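One chain, chain A, appears in both complexes that follow, with chain B as partner in the first and chain C in the second.
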Partner chain A sequence: MDYVYHVLVMVCLYAILAISFNVVIGLAGLFALSHAAFYAIGAYTTAILTTQYGVPVLPALVCGIVLTGVIGAIAALPALRIGGHYLVVVTLALQIIVIDVLRNAQGLTGGPDGISGIPRLTLFGQTLSTPGSFLVLAAAVAAFVYLITHMLAFSPFGRALRAMREDELAAQSIGKNVVALKLIAFAFSAASAAIAGSLLAHYITFVSPQSFSIDETILVLAMIILGGTGNLFGAAAGAAILVALPELLKLMALPVGTADLLRNAFYGLMLILILRFRPEGIFPERYRYRLPESAKRAAGVLEVDAWTRPVRGEVTLAGNDLHKNFGGIVAANGVDLELRSGIVTGLIGPNGAGKTTAFNLLTGFLTPTAGRVSMRGLPLADRRPHRIVRSSIARSFQDLRLFKRMTVLENVLTAFPDQLGDRLWNVFLRPFAVRAQDHANMARALEVLDFVGLRDRAEQSADNLSYAEEKLLVIARLLATDAEVLLLDEPLSGLDPTTLDQVLPIVRRLAEQGRTICLIEHNLDVIREVCDVTAYLDGGKVLAFGKPEELMRDPKLVERYIQ
Partner chain B sequence: MDRRTFLRAASSLVVVGLAGAAPAQEPDVYRIGAILSMSGATPHYGTVMSRGALVAVDEINAAGGIDGRKLELVIEDHKSGSTQAAVAGMNRLINVVKTPAVLSSFSGPTVAIAPISKEKQVFVLNGGGVSLKMIGVSPYMFHNRSLATDLAAAAVRRAKDRGFKRIAQIAGRSEFGDSVIAASQEVAKKLGMEVVATEQFAADATNIDTQVAKLRAAKPDVVLNWPTTPQAGLVVKRVREIGMEQPIISMEWTNEDTKLAGVASSNGVEVATDYFAPAADNPMGQRFYDEYKKRYGEEPDFYAANYYEAVQVIATLIRRTKAKGGDFWTGARLTEALWEDPAFDSVYGGKMTFQKNGVALKRVAILKVDEGALKLERFLPAQAD
Partner chain C sequence: MDLILQLLANGVSNGSQYALLGIGFGLIFGTTGIVHFAYGPVLAASAYVMWWLAASLGLPFPVALVLGVAFAGIAGVVAYLVLYEPLLARGSPSFVVLVASLGLFILVSNMMAVLFGTDAKTLSDISYGIYVLGDVVITGVQLVQIAVFVIIAVGLAIFLRTSAWGNAIRAVTDNVAMARIIGIDTRKVAIVVFALGSMISAIGAANILVRDGASTHIGFFAVFYAFISVVVGGVGSVWGAAIGGLLLGLVESAGMWKLPTEWQSTIAFMVLFVVMLWRPTGLLRGN
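Right after this comes the complex of A and B.
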């Protein structure tokens, strides 16, 4: 029996590792390869504290978890600046460094020989010396980690992580602090891995560098890919399969000597077959979840007009003498632009004129080489994009940047400002308040979707939408930010006349409420119909500013642009 | 697959696992477990170790087994050192295979299974790992590979045989270095030799000139060189460069050391180490060598030899306990029988004797570096001191 119990203990420990790794890989979309390093730090911290410093087991466990969480957050620092292949390389380096330190810091870690004689855990006066007794604890801890990770994944925080995974710029544009998201995701994941490491240390009573090699990271990664990236139950199932399968394969009678190599080959073959037929894993990510009925019932009609600002025509967002150089290329060469409340401003100009650069400068996605951006007279210098959104300025992107592997509703839901559940401590400490607010937000999101005509698409995945619907969803997401200033980068290009008829009134109506609207557009008919004023950009500066009809009569502009 | 089907399938797997743990039976075969490195980064070790053990099993079975009952080797894989895999294998050997005797390998896996060996009274014989961490962790755990401290003692004996009186020794500053120095000092004292210099350097040192200069100042007859690769080579390089021409005896020497020290400086360095070679005065070793080479087409190394020897030890112990009767096929009884007479025939020739710490004292080979290659100089008898 101890054998089966031992296998189940290992299933529990690997489930903890796979679930926690899935937070970084599956939810946050950060391809980091240092999970076994965190597993090791957790194991070694408790091993060193209990054997060399006589610290009791429980405080040693807590120290291991906290320390690993901090190291995890530090490890996230490179992830703030780099992504993709570079993050893989950097985290791989961390993994190798940690193992090298364990091998060579003889005095502290025992070097290649490891640390033995780690005390066993005692629970309610009973020493957990058998696999059977340890299994109870391991299963309870695995269930606990599953529960808190589940809470995280299905909270607004988890939604923000997934939004970041889908599109980092878009997540910033709706006010998500991606720096904090990455740090917390790494720290949470690392601390959970440390739990598994500490349990392992007290279970085997011995740790050595061998147990935490890069192979372990890859094994846990395989569990996630097999079970389903982004699906926590899938990760746990992947752990169960990859731990139990080799043991079950031992039931196959094979020639001694080559048996284990053959089993490995068979094991690999089975993984290939599973992934051939279930490429997204056995349990694909479940983002198409049902809307609660209460939210559907609570959803009324969007009270757009409730927003109305009394004053029209005052300057809100302004850029003065904005310069931006990329090396020798001058993308903005003294852009002056003042946007006013209740006014729709159109930006026109040839390709490469600096229209999108102007948007990026105004919204903090680019820092100007020189010049000043202000909102109602207050400077916005050096603010990061997500902070600028909180100053009530939101923008859309020419290439839409929707959160594709999220539902239409979630795309809108993520964009609401000041969500309680954006802060992780609220998710755990005030779960009911977070849930109540989220349900209220769902109702509001439905109203927003209703307003743009996408209500019946709410529960569908965003990558199922038509192009026109995607454009509508962009507007819905922008509306959800509740920002006063809305900057739309080519929101209408490529739309058919029917959809245009649907969208243009929405834009007009938003302006009538007193919002400040600025849009980049090439279609002059649209400009004429929807814009109050138009700025003509060329060569990185505003060459002309005035009513659309006036600009279009200017023979110089007609010659340079319109013809 | 939905979640429910998965859970159903998973639970049936558990049932299969449980069914594997069938109730105990009287041994109609003696199943001996082995936890070896069958896959992973270094499957070579598992291959040669299992081959050595299988040659012994087949040899014993061909001669009628143990009173007509055969031996069988059940191999578990620790995947080149995974402690988790070793513990899984150990539990499986105990619960499913129901064996009281297990061969283990690698230091980490051996330390990891020690608590189980102790608690379940399972006889464990390790012929591969060399870490001092394996000593004193389970009363049922034994080792038939020489420990570093025993090799050091052999090197001192070799120095005595060559007529040297004044010893200088150098080692890394580590638990390993400390224990080797202590062991050699003890033997030197017993043999009436004088240790004129003992120097240690940091584990990762690349500059050891101060230490080497002190060795030279002590004017020894011989330099005992305790570090492992690559610092064994570094010591030889610096000792020769500083103009010392005294003989050097090392405990480890690899191609990397020769590369570091240079072929000319390496010539004549002696190495006291585990090494297996057949010899005319050693019929057991010759028999093993011939059979192994016939079967696998290559010469057995000392790892293969150690596991051949280990199976022979266990067979001897079973014969002893069976003669006494009772519930004889248990780890406790095998251990008891070992202590009744801790001397066994060694595949290296002569007898090997298990010391109080559970480690067997056996013949140690003295190799000599000759133009970069290691040549067997001679075997030192197991018990000269």
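Right after this comes the complex of A and C.
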């Protein structure tokens, strides 16, 4: 029976590892390969503090968690600047460094022989010396980790992580600080792995570098892929399957070494087969959860007109003499653009004229080589894209950049500013306030969707929308930021006349409220219908500025533009 | 001073080996965007093949080398056609391809350990000279490592610059979509780079076989150093990988001046970490 309990204890430990690794891999979409290193740091911190310094169990555990969390955040630093494959190699390097240190810093870590004699845990006066008694604790801790990770995953913070995974630029454009998100995701994941490491140390009473090799990371990865990336229950199930299944190898009379090798080979084969035939895993990510009825009931009609700026025609966002060079290519060559409240400004010009570049310069996605961006005459203090949204300036993208593997409602919900649950400590310390606000936001999101005509699509996945609906959702997401200045990059192109008739009044109405609107558009009929003033861009600067009719009467422009 | 010269010599020779591995890996990674982790096991398998042909069948080493290189080329192409291509054809994200390559990596590595055992397989009848220049001692293998790297790097650079295939490979490296539009068969280009890259890895495998013998873990360190060389130097050019590899070898060697040898790889990875923070797209260029 002890054997079965032992297997179950290992299932619990691996479930903790798989669930926590899934935060980085599945939710944040950051591909790191250093999970076994964090597992090791947790285990060794416990081992060193309890055996060499006589630190009691609990403070040792806390030290392990904090230390691993900090190292996890440091490991994420390179990921802040560049993602993808570079993160893979950096985290792989971290994994190797940690194992090297464990092997080589003999005085501290015992070298290749490891550390033995780690004290067993006692709970309610009873020493947990048998697998059966330890199982109770391991299961309780695994359940606890599952619970807090679940809270994270289904909180506004978790939603922001998934938005970042789906599209980092779009997440920034609605005010998410992706740097902070990455650091916290890494730290949280690493700290949870440290809990598993600490448990392992007390359970086996011995730690050695062999238990934390890169193969362990790949094994945990296999558990996630098998169970379902982004699905916490799947990760736990994957852990159970991949710990229990290879035990069958023990039924065959194989030499111990060979059995281990075959087990690892089996993990590899399984990874390949799963990715080939069921890449979403046994339990695909569950994001199409039901909307609470209370939110549906609370949703009324969007009170667009409640938001009104008294002053019209006042200069809000302005760019002065903006220059941008990419190597030898001049993308902006002295753009001067003043946007005014209550006015729809159209931006026209041939392809490559610098229209999108102008948007990028105004919203902090590009830093100008020279020139100034100001809001109501004041220079923008913090020009990082996610901060610029807080200055009430929001932009959309020509290539839409919706959060595809999220619901239509979530796309809007994520964009609301100042959500309590954007901060992880609120998620844990003020769960009810976060939940109440989130439900209120859901009702508001429904109102926004209703306003653009997508309410009946709310619970569907954003990648099921038609092109016209996607464009409407882009506008809805932009509206949710509650920004005063809205920069829309080709919001109308490719729309059929029916949808156009639906969208144009929305744009006009937003302007009538006093918002500042600027849109890039190619269709001159549309420009004439919706824009109050038009700027003609070519060669990286504004060549003409005026009422649409005036511009279109200018024969030189007409010739340049229409040909 | 003598120590410094000795460390320099060691650094250049180790760096040449890393650079050689980096060129092969970088050719595949830069062109196809696939992080081919199974590059390591393919390299290890070709070392075993050479060992088996030379030690068990008694073939002369040059013959074993040629056959081993051919084996690696075929194995690389098979990995592409059987594993990566179906995934790419389905439009899988790069994350999926990367995990699949990790799966192939541990599948092949462990199966090799089952088949060949975990002890090192060495060639007993290969001997190489040891040369003393002043106070610097350098072995024949070290000299061969440097020479082989220079020959292959220059040869590959000329091939990429002058041949039709080379032009196609450079076009795909630069912009896949555009290459496709102008009628380049990207599938064939992928097959060619997998073959070439894997064959280059087999030459690195021969160096390792002669120097230390073949064992199952050589694959991991090979692909890992290759990956780091490419990332440190900059993806997408032969010279990037070459500079990255040489720098890695030199810095590691310089570290030996003050630190014991077991910290060698830790030093290399710290270099990587610093370069990534300071110049995330690599020293030479990056796309």
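One rule holds in what follows: the second predicted complex is superposed on the first by the 530 of 563 C-alpha atoms of A that agree within 3 Å, B and C clash if a C-alpha of one lies under 4 Å from a C-alpha of the other, contacts with A are read in each partner's own complex, and residues count from 1 in each chain.
We take it that a residue touches a chain if its C-beta (ideal position, glycine included) is under 8 Å from a C-beta of that chain, and two chains touch if they have at least 3 such contacts.
These numbers come from a predicted model, not from an experiment.
Trainee: Can A:272 be said to touch chain B (first), chain C (second), both, or neither?
Mentor: After superposing on A, A:272 lies in contact with chain C but is clear of chain B.
Trainee: Per the contact definition in the header, classify A:261: touching chain B only (first), chain C only (second), both, or neither.
Mentor: So A:261 meets both chain B and chain C here.
Trainee: What is the contact status of A:84 with respect to chain B (first) and chain C (second): first, second, both, or neither?
Mentor: Touch status of A:84: second partner only.
Trainee: Should A:214 be classified as contacting the first partner (chain B), the second (chain C), both, or neither?
Mentor: Only chain C is touched by A:214; chain B is not.
Trainee: Go through the superposed model and pick first if A:343 touches only chain B, second if only chain C, both, or neither.
Mentor: neither
Trainee: Looking at A:31, would you say it contacts chain B, chain C, both, or neither? Reply first, second, both or neither.
Mentor: In the superposed model, A:31 contacts chain C only, not chain B.
Trainee: Report for A:225: first if it touches chain B alone, second if chain C alone, otherwise both or neither.
Mentor: After superposition on chain A, A:225 lies in contact with chain C alone.
Trainee: So, does A:96 touch the first partner chain B, the second partner chain C, both, or neither?
Mentor: The answer is second: A:96 touches chain C but not chain B.
Trainee: Does chain B (first) or chain C (second) touch A:248, or do both, or does neither?
Mentor: first
Trainee: With the touch criterion stated at the top, can you tell me which chain A residues are shared between the chain B interface and the chain C interface?
Mentor: Comparing the two interfaces on chain A, one with chain B and one with chain C, the shared residues are 104, 215, 257, 261, 264.
Trainee: Contact residues on chain A for chain C in the complex?
Mentor: 29, 31, 77-78, 81-82, 84-86, 88-90, 92-94, 96-97, 100-101, 103-104, 214-215, 218, 221-222, 225, 257-258, 261-262, 264-265, 267-272, 275-276, 279
Trainee: Where on chain A does chain B make contact in their complex?
Mentor: 1-8, 10, 104, 106, 110-114, 116-117, 129, 131, 200, 204-208, 210-211, 215, 233, 237, 240, 244, 247-248, 250-251, 256-257, 259-261, 264, 278, 282-283
Trainee: What residues on chain C touch chain A, complex-wise?
Mentor: Going through chain C, the ones touching chain A are 29, 35, 83, 86-87, 92, 94-96, 98-100, 102-111, 113-114, 118, 220, 224, 227-228, 231, 260, 262-263, 265-266, 269-270, 272-273, 276-277, 280-281.
Trainee: Residues of chain B touching chain A in their complex?
Mentor: 1, 3, 6, 10, 13-14, 16-18, 20-21, 38-40, 43, 46-47, 50-51, 54, 73, 75, 77, 80-84, 87-88, 91-92, 94-96, 107-108, 111-112, 114-115, 119, 131-133, 137, 174-175, 203-204
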